[in-house]
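For reference, the structures are reproduced in the following blocks.
In what comes next, chain A is part of two complexes: it sits with chain B in the first one and with chain C in the second one.
Let's turn to the complex of A and B:
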């Protein structure tokens, strides 16, 4: 098992290193832009007014962050799997002498691990940005508010992988619709932190979705519906 | 009993309404090199995909060392080397990276075979595969396959994209390393004349899924081309042209194919000139006994003669 994970992680590192670097730089730049936006609020208004808007009226000065995890997930997934489906190069990996399920799981876990690290960085930067200007309870609320966006990123990654790997057009569309169906409720505008109680239930879907991804992989392997 | 490298039992497959195979059964012995031949569209690629396990047949079964090809166990997969068309490789790797990646998965990995082949290219080991020519990539892919030390090798159109030099290099390397009675090789190629350098058996696939497997030496000895240099006129000429295009059935039961050219005719058969003359006479085409002259053939001529030009 170690051999498979080490081999796949080595391959994925080489393949996606430029993409990982670009996404990390983009995320840093994006977070810097969010910091500028928050900072600007305090330049234009008194801190009491900003606090009142954020803590009493529920305005979110970091709302732009909602789009970042999903965007990064989709871009990363394309960088990871487009080279594999181009000329069906994934066949090279699928012929390696190891179980298909474990092999593909290693691919997906690599992607999820990178995104988890990226989201950790984003979350950490958000905490640092808000800690400079807001009390702890507002920071905590921001963390609860942004968690669904990061979870949506994981869903977007898995559903994009489904769409890319699946050879049948109808099932591809299903993957796309599934992604939309899972991400939309997590990205919808609500009261800050309102989705936090539902997050464990949403998170339960992640392992299910991960296991379900083996189906497009099997379809890719056997290509019965050419 | 050791299972055969490949056995195909009652294989049936179709795309939409087009039947590729109806009931194809073939058996490949260990230690031989097989060339899979056929015109475009007869199902060579489909059969290779089924053998490689990337297409599940609709009927019948194809076994690789006893395992169904579409559900081959990892330990069996270790014994099988695949070469995909256009020498597919992960082109984001460098030469040394791709060797490191593949070596992790194969316990019998022989790095010296890989580097032995790659050194011919004279490229640094940090050279990226994406920056290589098709010929250079073919050496890398062949090196990777041989380093696995497989018992069965399946090569899908190894000659595609290679110039004459790289093709010769590739074929010579295959012949020197695999023609030892220990390796079983199944290959397809569009360049037929290369095959007679190292193929033991040929499998001719025909439209509708019929297949004919025979030893190459035996085939080349028994299969003949008789040439008629006297231009025929009228109905006889028309009849032979129609036969050549497959619009009219061949006369008798000794002819395999007829090709009508502008100024001569070719008759392909496993039989004698006398039997061909008798078949033609039955169709109303009477020729003198010395009219048909045996014409020498190389493998490509024989292939075209057997399968037809169109």
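Let's turn to the complex of A and C:
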């Protein structure tokens, strides 16, 4: 099992290194843009007024961050799976005598691991940006507010993988349905921190979705196509 | 493995559809109705209300004269009113319209009241369930306004405080660092008055849009209530003498020009207490069947009465008191002279709600009126046994028949039985899931 994981991780690293680099640079640039937005608030108004708006009125100066995790997840998933699906390489790999489930699990875990590291970087940068201007409570609230957006990124990655791997058009709709249905409640605009109690329940669905992804993988392997 | 993966995807799909389909249905067909607006009429000496209805009410339509026939004006005896008669029954609410129509001053219970007298006495205090601690994301870093800013308008302070185990700690907004001298000044002053850190609850009106700064109330770790005012940068602390058995849970502060009542205390036994501004005396209100965690509460003061309106999702209750006399002692409890309960129009069934209860055996939701926090919760159809279950049975039967005609395997195979069971339990959600998951052979 270790060898399979090591092999797949090495292969995926080589294959997606440019995409990973591009997404990391894009994330850094995006976070710099968010920093500019936050910084500008303090240029335009006195700090206590900015605090009032953010902490009492519930304005979210880093709201643009909501789109970043889902975008990165979808782009990375396409970069990871599309070339191998198009060239039928993945189908050949799935016939290797090492267990299809384990092999695909290694692929998905690689993607989730990269996204987790990317989101960790984004979260860290968000904390650093806000820590300079806001008290600890506001920073903590921002972390709670952005956590659902990162979780939506993981769901978006797995649902995009479902849609790409599933050969039958009708069943691809299931990937889209799950993607929309799982990401929308996490991305919808709410009171800052209001989604925090629901997050453990959403997190429970992640392994369920990961296990469910074996179905489109099997369909892909056995060419259950249109 | 295929079966296991299918089950995982089916569970997810059913959960997603049980949220998405009812939400889309409600968006298309079931507009949400606001809560009923209910008042005590000093003219009729009974409660009178207005509410939006679904469907058609002939008497309401006749009173509406063809305009906004879905708005009903009724009193507690069931008599219908038109809009003008409704406003005339509530001179303390619609006093500006009354004045324009030349109906002021009005004489009620031997008192002649003009616009100035009504404006002076009128005020509203609102305590929605979602404002209570635990019903919204916590905000422990708060501003303490200066009560004597040396000008007419109040100023927003450049620092904020938090009440921790170490004391009352101030952070300055310019530097984002703790102000040790100010923190020490306030913490020492509070400790000298017997304040036990940390605070259980802080209540205040943290806004500059008010006539004056009335300070904040803090419930300490032992349940004692303290009033804190910032005057010329110094703390002015007052430990409130609580009536026997009163443990404060939430304090609502609302400063008004009349400076008679500073706010409201909700105690651990769900009782309401008015805070008298002059001496911080607490005057109790006996409001029956009030459950603050599930109900919104509104207090309407007018020149003659105090009306407490409590409402949950379906029922609204009005409790009417004579205006508490200024000389009442702290700890006195006012008894109501009139109460009225009414099932709001939003709780009544319509063909749209009955259809929804038939189509959807259950629904997954996140939003609840009584809390700003989003929790996932499943709710069963109100007519599950009579409507939803037969509909699910019909769908399951049709699905099995279709499978039998297509492949000759209806309920004979374990897969067919499992699919039928899924549709029987989840109705449309299961059907859509199977339609999407079913592979062409």
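Everything below uses one rule, namely that the second predicted complex is superposed on the first by the 222 of 226 C-alpha atoms of A that agree within 3 Å, B and C clash if a C-alpha of one lies under 4 Å from a C-alpha of the other, contacts with A are read in each partner's own complex, and residues count from 1 in each chain.
The rule is short, and it goes like this: a contact is a pair of C-beta atoms (placed from the backbone, for glycine too) under 8 Å apart; a residue touches a chain by one contact, two chains touch by 3 or more.
If you're wondering where the values come from, they're calculated on a predicted model, not measured in any experiment.
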Contacts of A:89 with chain B and chain C, given as first, second, both or neither: first
Which superposed partner A:6 touches (first chain B, second chain C, both, neither): first
Which of chain B and chain C A:97 touches, first, second, both or neither: first
Which superposed partner A:177 touches (first chain B, second chain C, both, neither): second
Contacts of A:14 with chain B and chain C, given as first, second, both or neither: first
Which partner reaches more residues of chain A (counting touched residues only), chain B or chain C: C
Footprint overlap on chain A, comparing chain B with chain C: 224
Touch list for chain A against partner chain C, complex: 46-52, 55-56, 101, 132-135, 137-138, 141, 144, 168, 170-171, 173-174, 177-178, 180-182, 185, 190-198, 201, 205, 208-209, 211-215, 218-219, 224
Contact set on chain C toward chain A in their complex: 1-2, 4-6, 8-9, 11-13, 15-17, 19-20, 136-137, 139-141, 143, 156-160, 162, 171, 173-174, 176, 206, 366, 372-376, 433, 435-437, 439-440
In the complex, chain B residues that touch chain A: 15, 49, 52-56, 58, 70, 74-75, 77-78, 80, 82, 84, 86, 88-90, 92-93, 97, 100-102, 104-106
Residues of chain A touching chain B in the complex: 3-4, 6-7, 10-11, 14-15, 83, 87-89, 91-92, 94-99, 221-224, 226
